[in-house]
Structure formats: structure tokens, C-alpha cells
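First the structure, which I've put down as C-alpha cells, then a few questions once you've had a look.
Chain nomenclature is as follows: A, B, C and D, assigned in order of appearance, with residue numbering initiated at 1 for each chain independently.
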Amino acid sequence: MARIGVFVCHCGENIGRTVDCARVAGEIGKLPGVVHSVDYKYMCSDPGQALIKQAIAEKGLTGVVVSACSPHMHERTFRRAAGGAGLNPFLCEMANIREHCSWIHEDREAATDKAIDLARVIVEKVKRNVPLETIRIPVEKRALVIGGGIAGIQAALDLADGGAEVVLVEKEPSIGGHMSQLSETFPTLDCSQCILTPRMVEVYQHPRIRLMAYCEVDAVEGYIGNFKVTIRQKARSVDETKCNGCGACQKACVVKNVPSEFDERLGKRTAIYVPFPQAVPNIPVIDREHCAYFKGRARGMKKDACGKCKEACARGAIDFAQEDRFVTEKVGAIVVATGYELYSIGKDQPAAGLKGYGEYGYGTVPDVIDGLQFERLASASGPTAGKLLRPSDGKVPKKIVFLQCVGSRDPAKGIDYCSKVCCMYVAKHTMLYRHKVHDGEATVFYMDVRAAGKGYDEFTRRAVEEDGAVYVRGRVSRVYRDGDVVKVLGFDTLNGTPVEIDADMVVLATAMRPRKGIEKLAQTLSVSYDRHGFINEAHPKLRPVETNTAGVFVAGACQAPRDIPDSVAMASAAAAKVLGLFSNEMLEREPTVARVDAALCAGCFHCERVCPYGAVEHKEVRDRKGNLLKVVADVNPGVCQGCGTCQATCPSKSVELMGFTDEQIYAEVNALAL
Amino acid sequence: MRVGYYPGCSLHGTARELDESLRAVAPPLGLELVEVNDWSCCGATSAHATSHLLSVALPARNLALAEEQGHDQLLAPCAACYNRLASARHAVACDAALAETIEDVLGRPFPSTVAPRNLVEVLRARLDLLRERAVRPLTGLKVACYYGCLLVRPSEVCSFDDPEDPVSMEEVVTATGATPVAWRRRLDCCGGAFSVARTGSVVRLSRAILDDARSAGADAIAVACPMCHSNLDFRQKALVRRGEAELPVLYLSELVGLALGLDAETLGLGRHFVDTKALVERALASKPGPAAKPGPRPSAPAAAAKPASPAAAGTEAV
Amino acid sequence: MNATLDKTSFEPRLTAFVCNWCTYTGADLAGTSRLQMDANVRIVRLPCTGRIDPLFIVKAFERGADGVIVSGCHPADCHYTSGNYHARRRFAFFKELIEFLGLPEGRITFSWVSASEGQKWREVVNDATARVRALGPFSGYPGTELPAWPAAGAPAPNPAPGGGGER
Amino acid sequence: MKELRDLATKLLAEGTVNVVLGWEEGPRGVRPAFATDAAAAGRLVFDPRCTQNLVPYLSPRRTQVKKLGKAAVVVKGCDARAVAGLVRETQLAREDVVVIGVRCGGVIADPASPEPLSPATVADRCPGCNSREPKLADHTVGELPAAPPGESRRDVRIADLEARTADERWAFWQDELGRCVRCHACREACPMCFCERCVADKTQPQWVDSSPHPRGAFAWNVTRALHLAGRCVDCGECERACPVDIPLGLLNLKLARVASERFGYTATDDPAVPSPVGSFQKDDAQEFIL
């Protein structure tokens, strides 16, 4: 027999003024199973809580109902009090007769009637509550950081400095990301490599960071605190343990004309290469697509077509037979920092719904380049050693036209968002250009100049006022080669006149998009992403670096277009969140999770399809002899967040959400019967 | 394939060669053109300048007729007609109140199920047949494909190709064996209906187009609009400067017809102001292409062999 | 609109199934803002609209409710990311079905009320109450006249926690 | 017919399957056959009397059938959707069943009736059927017969009901559903009702009253229709099984229309097409939500 104690709170005058608390306590006291029913001025006060503890001890209560304010206010308080008296905390519930009753009604009789109803509903629920144990999950205090750009580097360093072990996975041969390609950075014009390379080295040398370059995340299992990650180590064809990065192999390589990815195809590299001299780790990779040895192999040649690098390597580090290897790492948290790539300008688009700007001549007119290519042209480590020379004939361009919002903010092209960084880097480009070509003319076509940020607007003003960039508000309709010049046809919407410019070079500030393949990674991690592929944060304002999957965090431009300061701030925030998680030995979770009755489950897996968290797993049911009887659903309590969508979807009600079971709700509805 | 055919006023007047050439190329391309009974003017350039309702109601009427006569698509070879039909359909689709008004005005239901198609779109959809039956590929002929302003814009109405960088005409020209040239003014305005009212503007605009096509090395300009054709062909005497050679301006269907082995007369090539004879002779001189094999159209080789006679192909086609 | 205006008028009883994170919190906000509203609605708190089974609504009517309110987070606001999207499909089927079965319009109110929409919650409550009051008691619901359970104030005696349903 | 029998015989002889589920001549018209040998395979028939959907026998809960071993099943186009439904909801692995499709020209509503197929006897779902040749089949036999005769009255009946006032509809359905005796034959005949324990049989708590008074009957029929929303394969078995002739098909059809109009889903024999249960679009219509 249930022994329920009911405690009706006056909340000073807050409830008592409108609700006759004594009558509530009296009426509820008549209910079967209620052995104790009292009212008191302030239930949340110490004496109030003492009343509860005393009653539990003296009357042997099996459930407690506190009829007071909203459970959002004090459920924790009263559950703790009940727990303190030896009652399972989840046998204590609240009836909300303040926010939902006394504060919103004036008629004392009606309000009191309603308060009685509300209390009775919860009494009937509590009669069917069962003791629940808080779920405790051990935490693996290692973190996985995916992506070795500036966001990933920052997150890894903050985590490692905070005492956590870190596995940093980068799919390129070197960490550094796009930031390592930049010449100088806004709004201070400090050299990108100068501020980045020390951090890259720090990552390499940090005792708590395991750097895994040229690797990719292949599979992720598990849940917060307990992820098991399978990482693919792509074959470098170079033994990392033997190589000392002397570079002799690259000098010996016979293939020297591979377009360099790092130089955005404006420069060349060898088939065995490190992406750039400051690469970390400084260990080369053989590009098997271009390597003469592997091409010979692919053609079926018996003799080795080449082996110059192997001959040149004094340490015998070249290993043509190397294959992809798989490594498993156990981690407690994951930071996704896969960054961005530039929108494709031409006809070939990576995703349905995106359209290019064929009319801008990118890819057909050599002197039409994108922003990252301009960075390489302006970079001291770039293909022109920092001299600004145009790709077609190597002449110094005297007139450059910059086009902003190529792709961005253009729903007709499939991208309606603002890429955020282009206004700033275009202003930077005009300045870099003028600093290198003093008589150069820079013209910028823009829609708006969005320079919100510390020192940002001042920076764009400087481009105009000190470095003489001409800003034309309007769009460009066509860019084509006309003899020696690149013709730009546009429209000045402030003057209302067409503009025609004979430029030497055109730079397109193309939109930022998430990295190719991010959808697959997001699915692997079961985090959600928007229609562009950007990872969704758990809450746009209050939980900006968490995802909807507990234990998976996000930093940098894979969440939305971000500049360097934003990415770094996000990375540090994500690291702080992970360190906060790691500060617990065990994770405590509310036990309001779903449980499957394997005997009743028919295995239709509608629950799996509706679960927002991927918490539903498949479980085999076997008889004593080990014969497979059926495969049923099983909820992983570490992953389940307790929404209960599975239960409402389950046709046979074979899954129950603890704390909100069908019996409890049935009893609540029943208690409202006339 | 059976397609509703809406010639519009031009194709019965100044653009007869477009009508003739289109009717000639239709059978070999597997098209059955069924002229919509009782069609009326689409309103063209004048209606939308005077009454929005009229500019929607006139095309809507023709679409409704096509619907009643069992068509699901309606070919309007004139770019202006196509644009009006498509615009009207779009306007009605976006505005429920207007849709009701239009049904009142028409006195008949307008379910708007008929899709307007333009010349380029229809030809592009038959590329496989064209390649197969192009017995006289126009190898070596350099063609500037001129879209004008009405064919691909506005993009939400004419969604069949990229509004700023279309490729469909080039695809058709490539299928005829000719080579499309890269040039810039393929989407510029020729001056359109201001031909008479502001001839000076038209001359300036059309001359720029002509100059650009010529400097790109084109032997001919391909068009898909009677208005463009009129400005570039009929006015060309006024456009060219002393000593400059004239540039033949052909309807896309005429080029397709030549490639299919049809003769010049059938295609209406004699109706042009700029002489097309040299161009035609060049085309006829080209060797029968690899596609000239015994196929479903036995008259084709005969046409290629005896180009001067009124070819069986032409007769059969009309 | 105001329950206290006419004491003699029929006072309907409405059961509200709401999600914990948006509507329940929005109703809390209505309370903290002291927004006065009709006293005819009894809230049953659930974690998410995704947890709300049409059977709850059927049962509420069987037990004599004159009207039902279902409310949760707006699309894209779900605390659990997508529970409300699944609920929306379920409710769409249910709503169309009961409409086809002829259940009087206005007995069931579906709404999205966010945690910040205390004002909207008041409107939902008052409007739903007014609609149901105008419709009168839902005595036409099959079986409501059957004495299968005790009258109000003395619900089914249910001895043990974790015990069965009524009986 | 010979083609079907030869195929069944061959499948059995080769050992590809242990049993072929089909139809055979019985004392009162055709009946389900579980052919395990050549003799039985030689008795298989297919004609317009083969109204019954045999796919419910493939439910993993039908242990007697399961014991017979690997099965081949003869399906009409409509039945094939049920196979797809079971595959979609992991009740059946596609490779565990051999599907023999029969090209169908419509079946008669009452298979026990001696009348031939005619506009008067045709099952209501057949006229206008667009899946007379199953796509989900390992083998397809027979020539495609002429299209089913007559016209379907289902659309008219739904339109007629929708045109009435809510009160009239309420009265209509209270009358129809009031006849329900809670025999659950509709459930047993349904290929998609494969739960281990139906929610209607759940007693703690008892969501659906078990007695056949109007309250339980209403709750049961609402629940049945909802649980099949977006899952019903439109094979007509529930309505055929109903001993008191409740037009259950109308409820199913109504919800099938909702699935189609709101969620773009139509019952299909392609198991790869996800059902609207368990999926959503962010912009699903929500005009009914304030």
C-alpha cells in the first residue's frame, strides 16, 4: 500500500492569498494512500524541509508530493530533502499550484478547486513512481580533436595545457589548415605564418598531444565519456619513425610539376612532398597518383619505373609497400574543427542546389583568381616569393578589381548566408596590394561592407582613406578576357551608372562552405547539420560550442563562416567545456531514460528512426541453446536524453520512459476524471 | 513526340523562315508540331507596357487553349512569345487572386498545366536524334550563339538554363558539327522593339553585338528570336562599316536543318537580307558525316548527294 | 472569456498535455507575469511533445474532459532537437482522423508555445476554454455515461505503487 | 497457371525454398496453400478469386509457417507492398523470402462467391489499380490481364463523408464503429499488425478498454487506424475480415491520403522508400497548430 505524504506550501502569501491551502491539504488527505497531508507557510525553508524529512522518518512514506511552486524552481531542493531522509529522490514530485494556479487566478474557490486537482494528479503519479538510480558513467579523460587548422590547434593546446590527453587528427599531411596559407591577417596585418608556426611546433612537442596527420576518422562508437574512435592512417609511403625530414627525397624526385594544393595550384611541387617548408610534422608523403613508381606499377610494369627517392634517402625511410592502417582510440569527448573550403565558382558544383558564376570567367581566364590564390601570390613563401605578379604573363598588375559576395548572400546560387570574413580580407587584399604595388589601383565591388568587430571598421576605413581603395557599390555582370586586359562589366548602384573596367587581374571573394565530406563525418558522429552542411550548435545563443550529441563539441568554420579570432575563441570555449566534463570522475545523468521490454519488442525499429540521439541499438535475443530468436531494440542509457518520442511512436508500447511511464500518465489523466 | 505549336504573329510574317525551317526539322527530330487552334497574339512587347492584366490574360488564353486541345507543352519559337507565356504562367502560379481574375476574364478554367517551351529548349531535348541524323555536319563553321535578353531571363520564369552563363544553344550548335565561339555579348540586348521608334539606339546596340561576334571569329550568328533576327539581319546594312564583310544571321533551326541535310530553300534561307549563299555552299561542300548511315530516314543520303534539287527530305519534312 | 463572469454558465474541463521545456516553462512565465486566465485547464507535464501519444487524448475524453490542449516547442526549438517534428506528423494524422470521424472541431487545440510566450499561453488557454464552453459538455463522446470509474474527488483506489490501471 | 506451378515445383525441387505460399482450390472457393512438395505445387492456382493477401503468414510471429522453412510467397501487386512493409520494418529479411509476383487483373471482393469478376463483384481497391505487376518480385508469372472492370466507389464515399457536417460524420461513424464486437479479426488479417503484443491487449495500463461497448470500440478503431497511418499497404484484408462490415478501408484510405498530401508518401513495394512514420521534414504542413 502506498504511503504518500503531501505538503501544501503557502509560499507566504503567494499561494495562500488565492488558494485555501488548508482545504487543499484536507481534501488531498482523504485520498486513498495518502497518510500525511499538511500545509505550511514556506516549504522550501529549512523548517519546511525538516517537516518532510520528519514525516518520511515517522510515517514511513513511500512517496512525497510537494504542492508549491514550479518544479523548475524547487524540484531539486525537495528531491534532495527527500533523499536526505533516506527516500529515493525520484519518489518525490511537485504539484505546481503557484505559477500554474494562484498567480494566474483570482477566484479563490476556482483556484482552490484547481489546486486540489493538480495535487491529486501528482499524488496519483507518485503512487506509481519507482525508485530510480542516477546514471553514472565513467569518463575517459582523453579528447579527440578533428581538424588541425587554427581552431583544432587551439583546442588541442588548451586541452593539453589543461591536463587532458589529446588525439589531434588531421587529414592533410601537415597541420596548419588554411591559416598557414594566408599572407597577413586582419586587422593587424601581422604575418600569418609568424603567429601560427610556433603553435604548430608546440602541438608537435606537447607531451600530452598525439598528433595524427594524414589520418581520417573512420568510425565512432559509444557516447559521452566513452567514445571508441577508429582512425584511418593513410599510407604515407614514408616510415615516420625513420624519416628526419632532411628533404633529400624531394630533391631527388623526378616528378616536379604537380600543381601544389598549398599554393592553390599557382605553384608546383614534387610527387614526394611536404606541403610547405614549415610543415608539421616535417615528414613527406608520396602522392601515389603522380609518383612515377606508382604510375609504373599501375601500368603493370614489372620493373620499378623509378626509385630515386628511395636511393636518396640515407635512412631507408621510403616504404613503397606501406598500406592504410587502422588505429582505435578511446576518448571521452570529441571536438569537431574541420574548417571550411571555398565555394566552387565554375559550372561544377559539389552539391545539388548550388550554382556557379560561369560569367566570371574563373578557370578560363587565368587572371581571374580567388581570395586564397591572392593570399598565395601575396605571401612571402608563395610561388612568386611575395611579388605580386599575375598568373598569365607574370606582369605586375596595375589595376585589380575585387568582387565581394561571390556566392555569398545570393539565394539564386544556393547560398543565402553571409560568409562574414570576405569584407575584411578584401580590404586587407587592397592594402597588401598597395603596399606591394604603390601605384596600383584597387577597385572593390561590394553589396555592403560588414566590418563588425574590434578594430574592423577602422581597418576597412584605412583601406579606403590611406591606401586608396575605390569601393563601388554594385554587382558585376560579366568578366572576360579582352586582349591583354580582363574586362569587368558592372553597375554602380549609388550612381546608377554602368561601370566598365579594364583590369589586369580580378580577385573573387568566394563564399565559405563547410569541408567536403562533412555530412558523412556528422553522420558518423550523429550530430546534426544545416542544409549547407554546417554543424548545428546545441543552442544558437546559450550553447554555441556544444552539439546535440552529448560529448561532441564544435569549433571554428565548420559551424558557420568564422574568422581567426572567432575560431580561436570557439576552440578555447570548446576546450573549456571538455575540461569541465573531464573534471568529473563520473558523469551523473538523470535516470529519466527509456527502457525496452525485450519480450514485447517486435523489432520494427520505429524507435530507432525517431530517436534524435541515436540511442537505440539492436540487441539479439537468443534462447538457451544460443539460437537467435529475434533482434530487438535496446536503449543505451548513456546516450538517451529522455524525450520519450520512442515510447509514443512504439505501437505496442514496449518501451517505457522512466519517470514518465504510461502508467504514471494514465494515472494522471485518470485523476482528472469528473 | 506531339508538341503544341504556337507560332505567334512573327512566324506568320517577318519570321516565316523560322516557321518553315522549324516545320522542316521537326519530323527528322521526331517532333510532331500541332498548331494550336484559334491562337491569338501573346501581347508581346505592347501589352505589358499598357495593362498587366492584359499581358497575363492574352498568354493565359493561349495556354488554356493548348490545354483544352490536349497538350502538356507548348512550343513558342519566338523568344518574346515564350517569355510572355512563361511569365504569365509564373504570375498566375504566384498569385491566387490573379489566377481567379484570369479565369473570370478567360471564361474558362486555367489549370496552368501546359509548360511553355522555347526553340532552344526543344532542340536541346532532341540532341541524341540530331547527332544521329546530322548527315551533313557543319564541320569548321564557327557560330556565335546569341541568346538575347528574353530567352533565359528572368531566371525564375525561364529556368531551363543558367541566366548569366547559358550553354544550351552552344550544345545544339555543337551537335550540328559546327563550333560555337566564345564571345561576350551573347546575352546583351539588341534594342528589341525600339527598331523603329529609336533606330539609333538599336544600331548602337546591335552593332556592338555584331562587332563582338566578328572579332571572336564567327562565320555566322545563330539566333532564337525573330526580333533579334530582324535587328541583326534586316538592319545589318546599316550596322556594318565600310569595307566590313556582312555576317549571316541564322535561326538555330536553320543551322540544324542544314546539318540534317535539308536544302536551303526548304529552310527559308533565301528570305534573309544578309546573303546566306556562301555559307550554305560551304555547308553543302562538307562531306557527309559519320552519321550518314541507312537509318529511319532513307532520303537523307539522297539529299546530301543532290543538294540542288528540291530534296525528297524537304518535301517529306513539310 | 472570464470564468468568473457568469457563475451559472457551463464550466468546461480541459486537459493540457505540454512539454516540459517550452510550454510548461511558458506557463510558468505566465504565472510569474501574473497573467490572469481561465481556471479550466489542468496541465499534465511531459518531457517533450514527442512523448505525447494520441491515446492520451482519447483517454482524456473517455474520462470526461470537454477539451484537450496539446502544446510544445516551436519547430526548430525542440529541447531534444526533433521530438516535436515527429509529434507534428503524429498529430497531423490524428487530427485528420478525428476530423474524419466527426469529432467536433474545437475540442482539441494544438499549439506551439515557447518558454518566452507566457502571453500566448494565456491566449491559447482562454481561447480553447471559450471554444469548448461554447460547444458545451462533451457528453456525446462514446461511453462517457458509463459508470466505469468513480466520480471526481475520489479517483480509482489504487493500492500499490506500480500497480495496474483502474479496476 | 502452368507457369506458376512449374516455377513452384522448380523452386521446391531445387531446394531454393521449402514451402510455397499460394492459393489452391478448396471446398468453398480458393484457400491459402502451403505447398511443400511437387504434388501440392501442382495444385496452385491464381485467378480473380485469389483475393486473400498471403503476406501475413510471413510475419515472424507466425511460428507454424516459419517452422516449414524458407518460404516463397505468391503476391499480387498490392500484396507486394506488404512484403516491402515487412522488409522496411525489419520483420523480414529480403533474402529470406522468394517473391513470386503474379500479374493481376483485379480480384473479387468476396472470394467465396461463385460470381465471375465483374464491375459488380470486383474488390473496391482494384479499379484504377496502378500496381498490377509487382516490382518487388524475384519471379513474375502470367500475362498481364485486362484492367480490372468497373469503377472504384471509394473516392466517392470519402468525398460524400467529407461533404457532410461533423455531426453527421460523428453519427455515421458512431453507428458503424458501434457494431464492433472487438474480435480483432482486422488485426489478425493485417500484414502490418505484427506486434508481439498489441497495445489493445495491454492491461497495465489499459489504454484501450477491452469490452465491446462504444468507448472501447472507438478507442480501438482510432488506435488501429493511427498505427497503420503511413504504413497501411491497402490490401483490403481488414475490411474483408470484419464480420460486422465496418468500412475500415475508408479510415485507412483517408489516412493514406493524408500521408500522400502532407508527406508525399504513397504505399509502395519499394522497401527503400522510408515511411512517413519515423521521418519528418522541417517544413511539414502545420496549419492546424496555433
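Rule of thumb we're sticking to: a contact is a pair of C-beta atoms (placed from the backbone, for glycine too) under 8 Å apart; a residue touches a chain by one contact, two chains touch by 3 or more.
Just so it is clear, the structure is predicted and the values come from calculations on it, not from any experiment.
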| item | value |
| --- | --- |
| Shared interface partners, meaning chains that touch chain A and chain B | none |
| Distance from the mean Cα position of chain D to that of chain C, given in whole angstrom | 35 |
| Whole-Å gap separating chain B and chain C, where each centre is the average of the chain's CA atoms | 63 |
| Computed distance of Cα centres, chain D from chain B, in Å | 53 |
| Contacts with two or more other chains, residues of chain A listed in rising order | 610, 649, 662-663, 666-667 |
| Touching two or more other chains - residues of chain C | 59, 82, 86, 90, 163-166 |
| Multi-partner residues of chain D (at least 2 other chains) | 199, 204-205, 207, 277-278 |
| Pairs of chains satisfying the touch condition | A-B, A-C, A-D, C-D |
| Residues on chain C engaged by chain D in the complex (per definition of touch) | 54-55, 58-59, 62, 75-76, 82, 85-86, 88-105, 109-112, 124, 140-144, 146, 148, 163-166 |
| Residues of chain D defined as touching chain C within the complex | 161-162, 166-174, 177-178, 199, 203-209, 213-219, 222-223, 225-226, 229-230, 251, 254-255, 258-259, 262-263, 276-278, 280-282, 284-286, 288-290 |
| Chain A partner contacts - residues on chain B that touch it in the complex | 155, 162, 164-165, 167, 182, 184 |
| Residues on chain A engaged by chain D in the complex (per definition of touch) | 599-606, 608-610, 630-631, 649, 651-654, 662-663, 666-667 |
| In the complex, chain C residues that touch chain A | 3-4, 13, 15, 24-25, 27-32, 34-37, 39, 42-48, 50-53, 56, 59-60, 63-65, 78-83, 86-87, 90, 122, 149-166 |
